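One structure below.
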Amino acid sequence: MIELGNNIINGLAVVIFLTTFIIVAHTRLYPWVSTYAIQSLALGLLATAVAYFTDSFHIYIVAALAIIIKSVIIPRFLRYTMDRIRVDKEVEMLVNVPASLLISGGLAILSYYITEPIIVQGNVITKNCLAISIAVVLIGFFIMITRRKAITQIMGLMVMENGLFLAAIATSYGMPLIVEIGIFFDILVGVLIMGVFAFQINRTFETVDTGILRRLRD
Amino acid sequence: MIIEALLAIPMIAAILVYLIKHRRAIELISTMGMAMVLAACAYLAWHVFSRGPVTGSFWYLDGLGAYVLLIIAFIGTAATIYSIGYLGREYEHHEIDLGRIRYYYLFFHVFIFTMLLVCVSSNLGIMWIAIEATTLASAFLVGFYNKDTSVEAAWKYIIICSVGITLALLGTILIYASSVNSLGESPDALSWPTLTEHAKNLDPTLLRIAFILVIIGYGTKVGFAPMHTWLPDAHSEAPTPISGLLSGVLLNVAMYGILRYHIILTDAIGPGYSGSLLILFGLLSLAAAAVFILLQKDYKRLLAYSSIEHMGIIAIGFGIGGPFGIFGALLHILNHAITKSLMFFGAGNILLKFKTKSINDVKGIATLMPLTAAFFMGGGLAITGSPPFGIFISELLILIAGFAEGNYPISIIYLLFLVIIFAGFMYHISRMAFGEPPADATKEEPNYIGLSVMAVLLMVALALGLYIPHMLSGILANIVKIFGGS
Amino acid sequence: MGPAQIIIIILQTALMVAIAPLLTGIIRKLKALMQSRKGPGVLQPYYDLYKLFCKESVVSMNASWVFQLTPYVCMAAVLVAALMVPAISTTSLNFVGDLIVVVYMLAMMRFFMALAALDTGSAFGGMGSSREMTLSAIAEPTILMAIFTMALIAHTTSLGDISYQLSVHGLDLVRPALFLAFAALFIATLAENARVPVDNPATHLELTMIHEGMILEYSGKQLGLMELSSMTKLMLFLTILASVFVPWGIATEISALSLSIGLALLIVKVLIMAAVIAYIESSMAKLRLFRVPSLLTLSFMMALIAVMSFYIL
Amino acid sequence: MNTEEALFITLVLVSAIGATGALVLRKSKYCAHISFGMAAIAAAIGIALAGSVLAGGALNLDLPAQLEIGGLSLTMSFTMDGLSAFFVMAISVVGFAISIYSVSYVREYEGRYSIGLLGAVFNLFLLSMILVVTAGNAIIFLIVWEVMSLLSYLLVVYENRRNESVSAGFLYIVMTHIGTAFITLGFLVIFTATASFDFSTFQGAGALMTPMSKSLAFLLFLIGFGTKAGIMPMHVWLPYAHPAAPSNVSALMSGVMVKTAIFMLIKCVFEFLGVADTWWGLLVLLAASISAVLGVLYALNEIDMKRLLAYSTVENVGIILIGLGVSMIFMSYGLKGLAALALIATLFHTFNHALFKALLFMGAGAVTHAAHTKNIEKMGGLIKRMPWTGALFFIGALSIAAIPPLNGFVSEWLIFQSLLLSFNVPEMAVKILLPMTIGMLALTGALAAACFVRAYGITFLAAPRSEHAAEAKEVPGTMLAGMATLALLCVLAGVLSVYIIPAIDKITAPVVGISVASKMSFGIIMKPADDSFSSMSPLAIAAILAILLPLIFVITRYYGGRKNMVYGDTWDCGTPLTSRNEYTGTAYSKSINMIFSAIYRPSKELVARPTASPYIRKDMSYADHTEPIFEKYLYSPVASLAIKVARQLSFIQTGSIQAYLAYIFITLVVLLVVFRWI
């Protein structure tokens, strides 16, 4: 039973991991969003699995929230924004795909290296996911650094958030419910506000390329 | 109960100022609101300092929290009153319309609310939410003028801080994990009192990793170098009263976030580890500030960098620790809040007058606006740590701590940077204050309401330099005990 | 200090003033002889002075009271200095001041003279005063270093005591330092008294004048005073050299015999030095102004070596 | 509450009233009278206070603790012993004269700058100096010390629309702040041994400290206080800041403010640390000799009246420190008597310099006030137009040129004596080093004389060199009164010095641990604490001069018959003589300039506009500059290095958000990896 649980959870974790790499690899915007949606879905399912195997009720709610907000609302909002500001659908990257993939791989190894002392002494069934989750966080961060469009930066942040969520589930079956809800709310508001500013950037500079945001410097 | 009330006031004020469409009324309400917040905070603080921490289902307020709370309320009130004069002037010169004013005060109060929430929340998770919320609320105020630069600043602000905050959340999660491992799953597994209580049982490895994430995460918001990059942009682009609020208060709130973890680690594994990280980032910040203050061309950015410097000083103070270090750092939080907002208010008057933020274009303030010049110079001397102003005492205490704890090299580097920064700062502000004023400029003070506020702030800064009331030192001494590392 | 000493002090001071012009006359005469000229009589300076004192003085419009006051101050200063210097007897106004005070009295004289030179607004005056102050500035260290040497040898700086110590303890106080210091001070004397090779007292060629340039605007009684005071100054210096550095024979107690011996020996010593000066002046050319410093540095080094040799030997 | 405390508190109150009054009545036309009147009263109280302390009283004023933490309590305490009383006396006497002078001097600024502000800051500045020398605790000291610097800074930039005074002020405030940093470190080094900041516990702290930390503290103090005192090479600010301020303030700064540093140096070295090692004294001697010689050399070359005086302050601080250094050397060998002698000489010269430097600066103020320029080349002939100022300035010049029997001479004589007595030092090397100092001091003295002949001659004598100088008017009575007070004191302090020495000895006795008054003053005679060595009597000299001068006058008048003066033109080689033929200040210092060209490193440019004929020039312009060594080779390199490094590093703030995120990312990764290692 636990075995099965472990397999399922690890499997889903791997899915999340892979989707992250796909996002790194893709060069067009819409697939990003859909990949992100899939990743979030996997995350939700993983949460559900955890909830089922540890039969703790509040994680079901968390899972539901995850699926609704992360794999439905946010992707829709992002698509809507992209349509509104009519960005060209290219992802402008500072580091090309192969290099990005290699670096991401390196980051993954790094995160194993870092979390190793925790994993050896952890005692929750999902502990192996911790490394993956940290890897996802780092790679999300990497995406924010190397992709120039405002939208892609938001996406990167979202990927990081997914990594966090995974970490929360992995290490401690999620945070207290109230906190989780608060966090989801924050993320949602955050994305909305960033979208608003993306609009403003587009209005002021006729582009969402954050590379040109260099008026303020010393 | 009182805490709920305290949190309710700014929200109500926010809603009211947004609904009402009359400038005077808006100003009145927001002033009233802040006054009430101040009163409530004063009451809470009295309660805490006389009867010990206030606790609630989600709330926990001890001396440290109450102290920061008071600073928020005090500077917040000052900022509202200053805003009346400042926005009033811009309104009369038709630079902004009533809509913008409503928008301004709406987010002003929401911003205040979020900061209050940070201090009173007992749960680290909720504290994280609140800190993220401060970013979201203030982002709008940073982008207030909708100019290209302000939008850029706002974007950098929100993105960089969100990333940082995200890392902080990861840290929080790890802490939670360790507490769950030891305490088992429970809603208050993240509540601060519980964590400090059981700090000894927490898993050190997790704590250490967590603290790295937290100090980088919240440190981004505090403005530690090298995560400080957003700060000068945001603080210089925001409307000046908000700059004062961001520099004087928000940074301290974020610092408060770090301190909570610092205390947990102190209790768990002693002050050494987190302390040395604090010192590291403190010195980095001092260095960065020194570099950019030396060749600064924009006086609001100048002040922003000086905030980075002072956050560094505070971090060093807490990092060095010991009675003097922590006492000095706590005192420095207060001094810096007062002085920095004073400086920004002065900069606001200058900006209203000269319509430029470039240091080279500002000359002869002493001739055109004697009072502003006096307060600005006074503030400048105070902020660079000259006696007889408060900051001198707190900086000196931190230096003494360095010697008392035997951290000689750190203390000397610290002093060196202070001197360099003094030189750079004086160079800029003396060029601004003196010299032959532009021919066309008229001799007139733009903002008298603001001046009264500045006068009060300068008086307080001066008083704290000459005499520290026993009440205050008693309070600080109590707070120092919280850092005890029992 | 009884009346006898007082009388002696006054007498020997008066003597110095009285024979100062004679000294100058003698030097001039010796120079003339060495240059195989006949030259004026040795009493000529007295005639000159008398003539000057009988003349009215013409004073520049620009001049102020500084100019008027200076001659009297110069004379007074040099007299005060003379009071402290033992000439024929070791008794002198020790308590009033020591060698340093003497030097500073002469500095006072110089100070007023230099100001008076500027007072008339003539370029020569300015030139002279500038050069005078410059040269004295670089001569000063030598003089004080020489004084220090004497202080080391005799453990005192008051002139009377030095010459007393030396003449009483005789040769067992004699060190190489003494002669080095003597030589150094002698060079300084040449510089201080505007003698060749530093300055030419006989010249009136504008661009080479130093001392003469300073007193160029004086005339009549005032000029007379200035001349007399500078003659006395030279006498003073030679007396110091004679009765402080090589005081042997100077009267250490008050008796007619010893006093007369002292007088005779003093005159002999001074005459010898006068001869030396005359020889130098007729055998050497005046140095270029900016060569003088090297000469004075040399004298300073001598004085310094004097001190060191005292310590080391 | 005893008399001293009462006096002290009234002093503080009076200054406060003066300051506030000046601000309140800034519009009234009696503003100057009130503010500076109050300052004068405060100074008078200061004299009384110092007097009663010197007479045997004591001040120990403990205000409530300013702050108490962790067993450390910073109390606002003010104490006065003989030493501080001496300095309070100097400050108050000079302050008194200057306040009187200022009443009508500040009229110069009417309508241009706020008199009220000047009056207020002046009052506070005077008070702050008195507080500095009475502070009883290191923290309080640091506070009042910096406050003093800030107030003087405000006075330096008083003419705040002139860029040069603003930049001078900037240089000043930065240098003094650096100095304060060193002082703070010094105190902290002592603190680590005493665990308290009270000066009472600092007393003899040297016993608790390791030789290493003692020497460290000494160096820190020497640099820190040396900056304020203007020792080379920390003097750079002084020649700019002192002249930039209004003349009455320059007088205060040069006259007494720099002395507060001397005070603290004596206190720290003799009372706190105790002279541990001979090289301390030698180091002081070295710095002092350099300051003295270079100071006077730069003064000689200066054509700006006030900057000339400022450089001469550097020189005199050098002389003072020569005395101090010798005293330290004697102390290190336990030759207490000689140490006492040297210290007495030091203090006496400190006091004298306060008197005549303040007098000279006031004179400079009067002159610039009348001639509307600080450039001595544009003055001349003022002695006829401003006879009183001329006379008073003359006295100042005589005293600073150490002409007997004035005060400058007496103190220099004492310093010479203590140097001459250095053959008592047991150590050969030191013995041989000290004569060099004698040479330096002699050179300094003679050059100082030259400098002030030049200053006085070019400024006051001969024919006026500009219109302004030609129609200069004598300054009002109060200004003259202020100067006359100090001039009189200069003469008295010189002539009656024999009776002042014992008073100073009372002060130095507890510091050095031995009283030498009985060996120094005998009736009208003064001896250098060594009976047979030498003796001197300014009073007698004065008397003899007083007899001789009239005597000589009468003799010359009647010998060879009475003749009357004839007035005519200066001899002009046949061409009419104008002020353009006069010897200029630049020309006057030219010969010295050439002799010391190794130090001045002069550079001259000669621009000639030719005409058709190669022999006739349309006109020629000549300019020569001397090179400020320390600025060029010490300070500007450091400053430019700092700027350069900053420029190098400023790429951090590129403005690219990706870069910013990358910084965070790298920090994170690095920290995590490092953590994993440890």
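Chains: A, B, C and D, in written order; residue numbering restarts at 1 for each.
Just so we're on the same page, a contact is a pair of C-beta atoms (placed from the backbone, for glycine too) under 8 Å apart; a residue touches a chain by one contact, two chains touch by 3 or more.
From a predicted model like this one, the values you see are computed outputs, not experimental measurements.
Enquirer: Looking at every pair of chains, which two share the most C-beta contact pairs?
Expert: C-D
Enquirer: From the centre of subunit B, which chain's CA centre is farthest?
Expert: Most distant chain from subunit B: C.
Enquirer: Just how far, in Å, is the C-alpha centre of subunit C from the one of subunit A?
Expert: Distance between chain centres: 101 Å.
Enquirer: Taking each chain's centre as the mean position of its Cα atoms, how many Å separate subunit A from subunit D?
Expert: Between these chains, centre-to-centre, one finds 70 Å.
Enquirer: Using mean CA coordinates as chain centres, what's the subunit B-subunit C distance in Å?
Expert: Averaging C-alpha atoms per chain gives centres 78 Å apart.
Enquirer: Report the inter-chain centroid distance for subunit C and subunit D in whole angstrom, where each centroid is the mean of the CA atoms.
Expert: Chain centres of subunit C and subunit D, defined by C-alpha means, are spaced 36 Å apart.
Enquirer: Out of subunit A, which residues touch more than one other chain, so two or more?
Expert: If we look for residues of subunit A contacting two or more partner chains, we find 114, 117, 141, 144, 153, 210, 213, 215-216, 218.
Enquirer: Hunt down the residues of subunit D that sit against at least two other chains at once, touch-wise.
Expert: 650, 653, 657, 661, 664, 668, 672, 675
Enquirer: Give the residues of subunit B touching no fewer than two other chains, as numbers and ranges.
Expert: 155-156, 159, 163, 167, 209, 232, 292, 295
Enquirer: Determine which chains touch and list them pairwise.
Expert: Taking the chains two at a time, the touching pairs are A-B, A-D, B-D, C-D.
Enquirer: Applying the document's contact rule, which stretches of subunit A touch subunit D when the two form their complex?
Expert: Residue list for subunit A touching subunit D: 94, 110, 113-114, 117, 138, 141-142, 144-146, 148, 153, 210-211, 213-218.
Enquirer: In their complex, what parts of subunit A are in touch with subunit B?
Expert: 56, 114, 117-118, 121-123, 134, 137, 141, 144, 150, 153, 157, 160-161, 163-164, 167-168, 171-173, 175-176, 178-179, 182-183, 185-186, 189-190, 193-194, 197, 200-201, 204-205, 210, 213, 215-216, 218
Enquirer: What part of subunit B is in contact with subunit A in the complex they form?
Expert: Going through subunit B, the ones touching subunit A are 58, 123, 125-126, 128-129, 132-133, 136, 139-140, 143, 146-149, 151-156, 158-159, 162-163, 166-167, 169-170, 173-174, 176-177, 180-181, 185, 187, 189-190, 203, 205-206, 209, 232-233, 236-237, 292, 295-297, 301.
Enquirer: In their complex, what parts of subunit D are in touch with subunit B?
Expert: Checking each residue of subunit D against subunit B gives 66-70, 72, 76, 139, 142-144, 146-147, 150, 157, 160-161, 163, 166, 169-170, 173-174, 177-178, 181, 184-185, 188, 191-192, 642-643, 645-647, 649-650, 652-653, 657, 659-661, 663-664, 667-668, 671-672, 675.
Enquirer: Note which residues of subunit D are touching subunit A in the complex, please.
Expert: For this pair, the touching residues of subunit D are 650, 653-658, 661-662, 664-665, 668-669, 672-673, 675-676.
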